[in-house]
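Naming follows writing order (A, B, C and D), and every chain is counted from residue 1.
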């Protein structure tokens, strides 16, 4: 015991010494694990990295609009270390935390990686902000008493709940429903939440067919045949990236979108890439109030412009999530007003802060998990052929997220108790 | 004097490995963790190397790595059994049982067909685990902190304990493999590779030897998987994906067949190379890794251990 | 209706599997190299096709000519990359153990994957125009893309062409001689090195053609080669390594296994191919079409 | 009179309708030294392969030491006490000569895998003295793959002799050996086998070798036994001279 106290004392002394030495010149280093290789690098890794580069450069230059118009974070410049998330997540996390000694880790898209590093964040007492990853389990079962771990992106639950609500609210025939989802945790969870939501909303739907092609299969001819002949009136898919795009390219010419109402929960990411191939009327989500669904604000306009100026195209939703994570870190750090990770973590808890996608509240997971609303709309090109959405319905955070003390699965199963929709 | 069969001096190398493991304990924690996972995975590569002595290349050794990992994971996370005294034997036993069953079939196969069938079986397990939503599908699941013969180290000391455990078990695994290679069943593996017909006519069934080596490799790999699971605190089906198995094969070849410690050390070198490649060239680390592989194959066709062996003679 | 769908989907998927696998089995049959880099060649074919067609369309040339461009790009890409790899890497390693060669090609796969990424970046490429060009025809109430039926035709043409070449042309027959006995063929004056280079290049072209034919249906992105390898392996192992008729049968087995699963029991789709592979190997250890090589004592 | 050590009764082997061996009935007494002669395709190797379990007879019976060993596999026949050498020497090419002998020792004794250390000083002594008897001591540490064919065949025979088998079958021990080395080769091979009391069957084409080393000859022709008996008698047999030895020897 005494030894430990001595050690702890030494550690804090070192910390103070370090802080004094660093003054304000020493930059803050962030470890940013995003996919730099593999199938997720194009749709996720690239926009996330682009967004991080834009936000960090502009933060350091002090170019952001209020409330982020101060330079850097807490007066210190910010540096980024990009790491390939496709490598061994646990090892690379340790390398960032222990070898590079980064001040915070901001990243991760894969739920598997998020689950693997979550306990480490607490064990190593390393400030960590998870950017994406769909699984709601992070604070439900993996780390139930978090201190240093945060997730500023909403869970995948809202995608499925929102999609089901949108279909019901727009009067789509729900008698026969089908799904095509990738055969891995993400696709299985999305479909389970979606069908659960249908039961909660009492649509009385029959499941016409549930297709689970292998992830990255690329060839969906047989699945599309099955969907076409199933008689489904509504089809749910949580495909993302290249798989989603291949699905659109293969399904649209065969008239699947004309036959059924198709809801694509990550459809927004394909809009810039395949503006002429997505049939008008397809139901599009963006996994939150991002991009085309973002509420008008100075910050949103600034982010769109700055990103487009730097990278030549508007940001897709993963970019918005990265921006949201970095701004959350800045907010918490400056609220704490100190460089002590524990103090920053304390300030991050239950934080409410502005992002390009509106206000984010760290409301569940004991104040470590963000809640946000979600919006869906139908695809529509304007007169110039630019992609856009219409018939948008936005659902408030309280409408699509479970309350703090309930797990997503239990909440859906119980029929959304406590949900408040406008 | 007996380059192929003589393992009487290999104890020396195990002792050297033991020394390195002890030195590793005092290295920075990220490096120590790297050593720890490399040792656990190295045990699997050792299993692959043993089969290679018989001329058989398992492209599905991830199967047992995964079985060991999931055995530990299921017991710890789902059944609440968190003591290593039960977890690791369970990992070894699970791998052994599956290994004995599959060994009956696989011991009939040779060459590329052995490789392909081991691959097929491991990919079937992958498919099953991906379907198992209750086990987290591709996300896998996390494993709670473990106890050591009833002792529960506090959070700060956990990495020390799991490192020590890994070191001890991997060294024991090496010694076990050594005893096996020195036994009749192990000594005759080379004879299986070189001339099965001659071996049968000398009175020993190659198929039985293959069956045994498959089972021994299964146990080592199961232990490796269990240790890896305890170290990383997480298991997922990637453990039995073909690229994972491919890595074990690569390390076994990189190491060569000369010593039981070679695969463990080679795994460490690979991990070191990978982590620095990632650090230096996050966009081209696979290119660096691939080039290093090619270089080893071209320059050292008998593996890295041939350098040590050459230095000895 | 379901039956029609199964028949068409199975045919379509089998044809694609055959295109993807036939180059692999050709290279193995002649050179005894189980080529993991096959997946990378497939990806390169898709990327080169996407880039070439992108240039072609932006030049405003007639749309029908795009198909010529597809074929040409795959041919050039396959030959250049294939000959280069054979010359620079493989030629130095002939005679090594089969397993070593597998690892060599694995290393090549890693290198080529990153080379592709460094050349084309991680953003997707699209060339969807050819896929929609011919429209669709209806079988009952099931619309089917004509392009997909053309891929079936392409597979048949590739299969017959390969068969003709191996059995009816001088080079092809020499190649068969090399398969039968490398030393004897060399002693008879067959230039084995040249045959190897040619075989590898043709195998690579076949992979690139498969990639190019697939490009219009997909987003050409990093990682598309990985899935292809394991599927192609399964197909050739089912059929028998090194056998062209085996690749046909393996592709049909695997293709219909998947189509039936998708329509009847979609939850099993993921294992369909591996299960077929394991069962076939358990019953016929060397695949359906391979001859077991006896050993003389 | 004592019972034969080894006997075959009506042994027959067909390959898809082609008869490779037919009605082969032979009695071998302990300690005999028998040469098997016959032109290529006469069924000699088929016979040896059946006896040692590489081929399963289509019909007939093989008795060894009073036990029925028909259909046993090579391992089982080896464990029963029958060993063989090969026309093309079957050795472990990457191992040294001493290691080859050690493997022969281990494989013969630990028929089943055992956990005890296999390479012991005692075994090395046994292997070395066996090499000594076969005149192979000087090359003990040479990799077998680098040996000339003749030496490799000697090693092959030495391996067959490990563990004092009761019956040893030598498949063309002098084929591929130059004419002037044949006798020396047989001298070094036969003497230690004889000393161990093994019964020897050897396939041979060279009649000088047959005359010098065999005390009985069995002549094969078209899958059947053409003649069986005393060396001088069989070699002078008219049919044997015509069909087996050929005109050049007549």
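Structure notes:
The rule we apply is simple: a contact is a pair of C-beta atoms (placed from the backbone, for glycine too) under 8 Å apart; a residue touches a chain by one contact, two chains touch by 3 or more.
Since this is a predicted model, take the numbers as computed values, not measurements.
Looking at which of A-B and A-C shares more C-beta pairs in contact, the answer is the pair A-C.
Nearest to the common centre of all protein CA atoms is the CA centroid of chain B. Rounded to whole angstrom units, the spacing between the C-alpha centres of chain C and chain D is 50. In whole angstrom, the spacing between the mean C-alpha positions of chain A and chain D is 76. One simple way to say how far apart two chains are is to compare their mean CA positions; for chain A and chain C this gives 37 Å.
Taken residue by residue, chain D touches two or more other chains at 54, 86, 90, whereas all remaining positions touch fewer. Taken residue by residue, chain C touches two or more other chains at 113-114, 117, 226, 267, 270, 297, whereas all remaining positions touch fewer.
Residue positions of chain A touching 2 or more other chains: 36-37, 183. For chain A in complex with chain B, the touching residues are 4, 36-37, 82-84, 87-88, 90-92, 94-95, 97-99, 110-112, 115-116, 118-120, 123, 135, 137, 142, 183-186, 188-189, 192, 215. Remark: chain B residues 57, 59, 105, 108-109, 111-113, 115-117, 119-121, 123-124, 127-128, 130-131, 197, 242-243, 246, 249-250, 253, 283-287, 289-291, 293-294, 297-298, 301 touch chain C in the complex. Residues 1-2, 5, 8-10, 12-13, 16, 113-114, 117, 121-124, 126, 128, 131-132, 135-136, 141-145, 148, 214, 216-219, 221-224, 226-227, 258-259, 262-263, 266-267, 269-270 of chain C are the ones touching chain A in the complex.
Per the touch definition, chain A reaches chain C in the complex via residues 36-39, 41-43, 45-46, 183, 209-214, 216-219, 221-223, 225-226, 228-229, 241-242, 245-246, 249-250, 253-255, 273-274, 277.
Within the complex, the chain B residues that touch chain D are 1-6, 8, 179-180, 182-188, 190-191, 194-195, 197-205, 208-209, 212.
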